[in-house]
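Same chain, two partners: chain A is paired with chain B first, then with chain C.
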Partner chain A sequence: MTATGARAIGRAVHGVGVGGRSERSPRPRRFGGRALTLALLVAPSVFLVVVIHGYPLVYAVVQALHDGSLVALGDFVGLQNFVTALENPVFWHAALFTLVFTVTGVFGSWAIGLGLALLLRKRVHVRSVFRTLLLLPWIVPIVVSSTAWNWLVATPASPVPLLARDLGLGSVLFLADPTLAQVTVCVFKVWVSFPFMMLMAGAALASIDTNVYEAARVDGANGRQIFFQVTLPLIARSTYISWILMTIFCINDFPTIFLLTGGGPVNATNTLVVLAYQTVFANFQTGPGVAIAFMMTLVAVLISVALFRQIRRADVS
Partner chain B sequence: MTALGVRGAAHPGRPAPAALRRRRGREEASGQWRWTLPVIAIAAVVLVPIVVTIVLSIVPQSQSTTHAAVTLENFVHVFTQTRVLEWVRNSLVVTLATVVVSVAVAAPAGYVLSRGRGKAVSGYSLLLFVAQSLPIIVSVVPLFILFARFDLVDNLFGLAIVYISSTMSVATWMMAAYFDSIPIALEEAAWIDGSSLFGGFVRIVLRNSLPGVLSTAIFSFLLAWNDYLVAIVFLRSDANYTLPVGLQSFFAENNSQWGYVMAESVVMMLPPIVIFAFLNRYFSVGGIGGSLAGR
Partner chain C sequence: MNTADTSSRITLPRRSFLAFAGASTLVPILAACASDGEGPQASSGKLPTGVLKYWDSILGTGEYNTLSKTLIEGWKDGGLTAEYQIIPAANLFQTFQASIAAGKGPAVSGGYAFQAFQFANEGAIAYADHLIETMKKNGMYDDYVAGVTEPFKTSKGYVAVPWGMDIRPMWYRKSLLDKAGVDVPTDWDSFLAAGKALAKIGAYGWATAAGTGASYGGHALVSLMINNGGGLFDEHGKPDCLYARNVEAMDFVREMVGAGMVDPASVSYSTDNLYDQWKNGQAAMGIVNATLTSEAGDTEDDLAVMSPLAGPHGDKGTLEYLKNFMMYTDTPSQQGSEDFMIWWLKQFQGTDGFFAKGVTGSLPVNKSVIALPQVQADKNVAKVLKEWGPVGKGYAARGTTLFAGLASVDAGTAINQFTQTMLQGKTDSKSALKTLQSGIESVLS
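Moving on, here comes the complex of A and B:
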């Protein structure tokens, strides 16, 4: 019943071409008079967001200014927790690696995701099967995939290090060497994230009118020119949005790093989230840990708001 | 223009008109190997960790007595000798609660986001955006203390509350994106026939939004089924573990028993894979962009 209904709507949308927000103004007058119903409809959602996100944020500020624990608030210490956190060289290292991790995570997964989305628009046999298969890294729980990656790379006797030795690269310790561990964690993140970018890019590419390409070809543009001057600008908005979301996902990502390396070796792959978690739950320094999480939050919100404004700018041009 | 464009492609679940479907059929038939081979090569590399998981779960471990090449004894072992069934049950309870409540709360909120106008709606949109960029780690410690007061620590119900809230932003954007594709003319007709705003929402909009609901449900399912951070903070006892925490603790204790570890891994990754295998065409993230920034 509902399915047939949806089909009818689908036909209506296709046939008549109504549906986007822009066609809907001017809004019906009687709609405005029902503010109370609208408020009631949105109330549960607002309540949840405020209680589960708003209240803890305020409480976190209070906590960051006290020397308490998980059970007691403790005494007011002013900015002492922030000083403690900032004086720790591990903090600065973690901040730097968070930056590296986020930049490679966002642009690595975007490049691969966009490439695959473009490839999957070509004439590929059983395309829908491949589309689903390539989503798997994103669908499979991180706990599972990190276990599999562990089996593949963790010890010198694991398959990938053995393969590297047979290729004459010597003994490669993917998770024991600090630099290599950083690279491995970033590659793992790109592996997990590219399907999301592929979905976003795929949806944007599918919305481009193919006539645009034909017009560009008629004008004598080659494949590269079409990509840079037609395709990329047309999906710019979706691209910015996927960057914003992925930036948030990367900054806030905990399991990818925690499960593969635990932040080691010697803090090499510690990001701010992992550091905050360890400071609170392993070192039991609640104040400094919450201070780290709070500073991280501030940066995350600032970055996403800055990118958010980029979208608006892209809309104007 | 771009907003409409993204949205137009956002719902592969919407059945295509017959002509389009015929053309798509021809395209599938006329696949070319020079495009297919690179895709096969990439998929082969990308899927190595997943194939490894499956293979290790069905080959006998070194101390095994069987000589068969393929065996189910790893699965028999984890189902009979470990608490994996309890963990599956816990994960199912938490995930189903999250999916049902998320959709129930996000659908009306998405309707307001889609149809409402004015400062309050823009403010709400911004609130969702800020909530989405807040790291869960900053909420976890205060929530731990708050939940301890209500006996919600080490409690599956408490866990579900956090998940439901974590899904709220994206779930609302997804529902709003789908509602945007439903012409308001249908509701207007219902209003003229005397239907209330709420009645129009339920009878006209919601009942025609199966793909949008499914998409949101799949997203909530993935978030709740896969989460590790919240679960490891809030769950304290074996009996309450969800699969991610259970699997991780099992891995930490038995990290050379790869057959058993991978058998549990397969148990854990099967539900999301099965769901995607069947409902893939309903799942779309493309639309959330329009909802996120469009108002």
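Moving on, here comes the complex of A and C:
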């Protein structure tokens, strides 16, 4: 290697251009200039992200540690707001129902969505019409669908209670009876969510090579075995992703509960997100309300992390 | 098309581009940091100039808001003009809170019942004592019916000025009472007897709603407590839910539930569900607002207001809310705010005012307005004003002075859960009131 060549490599290693016009024009400056340009171009977006997401988050942490209102911060109280929330029996009731609501919402909508996705794989006439119709509960604004459900079940003169009465079930109070209200909001959530699961499952099923099924049949597998040992493992990754998303949707689902029951009767259908809202905007207790929201977020993150780990383990070979 | 040529013509040097991008970013930021108008400082020594922001919630008919906008945007006081903004009722509090916290709130506003007390606690309210003095001089103060200004007086001064009233009278459907063969009740005993007779024909004698967003259920229970000489608070404003008269009133509610007077589904009813019950003839009696006929679409004069019922000890009463306007410290001119308030309050009065036009959805609190033929033309409204107005009491009853904490009681979860518990009829009155007491103490602490 010649000295010139060695210098060239040295320059190259240090980022100095071989054929540069001068010793000070070189790559670091060029790279630095480019990096600066990129950084400046990205800066407005970063600034906006920090302002839009970072600032409220930090301010919420501060609020959770104070006893003030939305306008005035109040006095620093440490973790007292968290303690207050945890000592409230309504919090634990809401946490339990959030769990029930989430588990029902995720697995109920997944089971129906997957079933319909499997059905829609078959060659049926007007399949696209069916698919569009099945998407309606997901597409229609939740305010509209909850109003429609309210009309269907709220009063003894509503269509569904009338039908129940005609069937000899007596006066069924779908929203006034605590247990039935819980069932009703869970069923509503499944109804609203299954189209999303159907889309996710449908996309995953479409990606499976049909030769796999033929091979399984040649090996003598029956329909049940094909479903559990071929189809489910092959769509596992997509399934876990849809579970994660639906878990987050369910835990954060405010309008479904609030519009249908408001968390009642007597807290029967209260979830953590509704409780957080009520605590801040009905009881005007900002600190405890934000503390509840933080604890809820923590649980959602933990569940999501656990499900993400399952994705890595998913057998997609 | 020669795209290559075009692109070569608009080549921008990096430095120039960065300078342009930087300027583009800085301009709006600097603009946002700059003053949004000429404030009192800008016009020191001169007449105040600027824009006085007035925020209103949606009241009564849509016509009210249309008229208000036209009137307010035409207002001028020296260098001051006014700007009109409607704040939807659904997120009224959040909007006010966030805007005031950001220093972008109104100079004058309407709002919900206890809003002025809440923002006074935050230091955002301009006290109305000077305005009240002006109103005493120009005769406007003396035009108020008795007792409507004092609830707004705090130790620091008047937080707001009343313009209207919302009250909870008892309504009945004549045809259902006739069908059940009962007279219009006059006291609790006859009310209970009528309710039992109505239950036999499938009508509800205590129609109410305690579901999502419905406050009538809670209001009706508090009204009954007040009717019996009770209330959620003692004379000093401390929670006193277990007051004997309250227990007695809630025992009466349990009796009504047991007698089948209450629709078991009402614990989950929205306000619209309740109005539907009034429309379809399921509701025979109940405590609602003073404008039920329009809400229930009654065109046959079948709905009527009862006279206040006498409780077991002879007391009469119900819950009332005073609607009010308030001024804020964030104003281009405090004198301008007061001038605006005087002018704005006058828009509700007179033969051409909002009340005469029937667009407010509220009841007047001025003697001259109550006497207007347009107001008296509605015999239900006239009856409410004549018979229920004088016995109406605020949410702080048995106390008389309102305070900020009432907002978290009136709209809070404790009263809602209490109402649902009572309407389910499974819990004894004392236990339910005890839970309510601790719930109220918790939000007031």
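Here are a few things to note about the model shown:
The rule is simple: the second predicted complex is superposed on the first by the 264 of 317 C-alpha atoms of A that agree within 3 Å, B and C clash if a C-alpha of one lies under 4 Å from a C-alpha of the other, contacts with A are read in each partner's own complex, and residues count from 1 in each chain.
Note that in this section a contact is a pair of C-beta atoms (placed from the backbone, for glycine too) under 8 Å apart; a residue touches a chain by one contact, two chains touch by 3 or more.
No experiment lies behind these values; they were computed from the predicted model shown.
Within the superposed three-chain model, A:Phe284 lies in touch with chain C and out of touch with chain B [touch as defined at top].
By the touch criterion defined above, A:Ala203 reaches chain B but does not reach chain C. In the superposed model, A:Phe76 lies in contact with neither chain B nor chain C.
In the overlay built on the shared chain, the residue A:Trp92 is in contact with neither chain B nor chain C.
In the superposition on chain A, A:Phe228 contacts neither chain B nor chain C. With both structures placed on the common chain, the touch criterion links A:Pro265 to chain C but leaves chain B unconnected.
When the shared chain is aligned, chain B and chain C each come close enough to touch A:Thr37. Here chain B and chain C are compared by how many residues of chain A each touches, and B touches more. Where the contact sets of chain A with chain B and with chain C meet, they give residues 37, 41, 44, 70-71, 258-259, 281.
In the complex of the two chains, the chain C residues touching chain A come out as 14, 18, 21-22, 25, 93-94, 97-98, 100-101, 118-119, 122-124, 210-213, 263-270, 273, 276-277, 280, 282, 407-408, 411-414, 416-417, 420-421, 424, 442-443.
Those residues of chain A that touch chain C in the complex are listed here as 33, 37, 40-41, 43-44, 69-72, 90, 150, 154-157, 171, 173, 175-176, 181, 258-267, 278-279, 281-285. Per the touch definition, chain B reaches chain A in the complex via residues 2-10, 14-15, 17, 27-28, 30-33, 35-36, 38-40, 42-43, 46-50, 52-53, 56, 105-106, 108-109, 111-117, 124, 127-146, 148, 161-162, 164-166, 168-169, 172, 180-186, 188, 191, 196-198, 201, 207-211, 222, 225-226, 228-229, 233, 243-244, 247-248, 251, 258, 261-262, 265, 268-269, 272-273, 276-277, 280-281, 284-289, 292-295. Note for the complex: chain A touches chain B at residues 1-3, 5-14, 16, 18-22, 24, 27-28, 30-31, 34, 37-38, 41-42, 44-46, 48-49, 51-53, 55-57, 59-60, 63, 70-71, 116, 119-120, 122-128, 130-137, 139-145, 147-149, 151-152, 191, 196, 199-200, 202-208, 234, 236-238, 241-242, 244, 248, 251-252, 254-255, 258-259, 273, 276-277, 280-281, 286, 289-290, 293-294, 296-297, 300-301, 304, 308, 311-312, 314-315.
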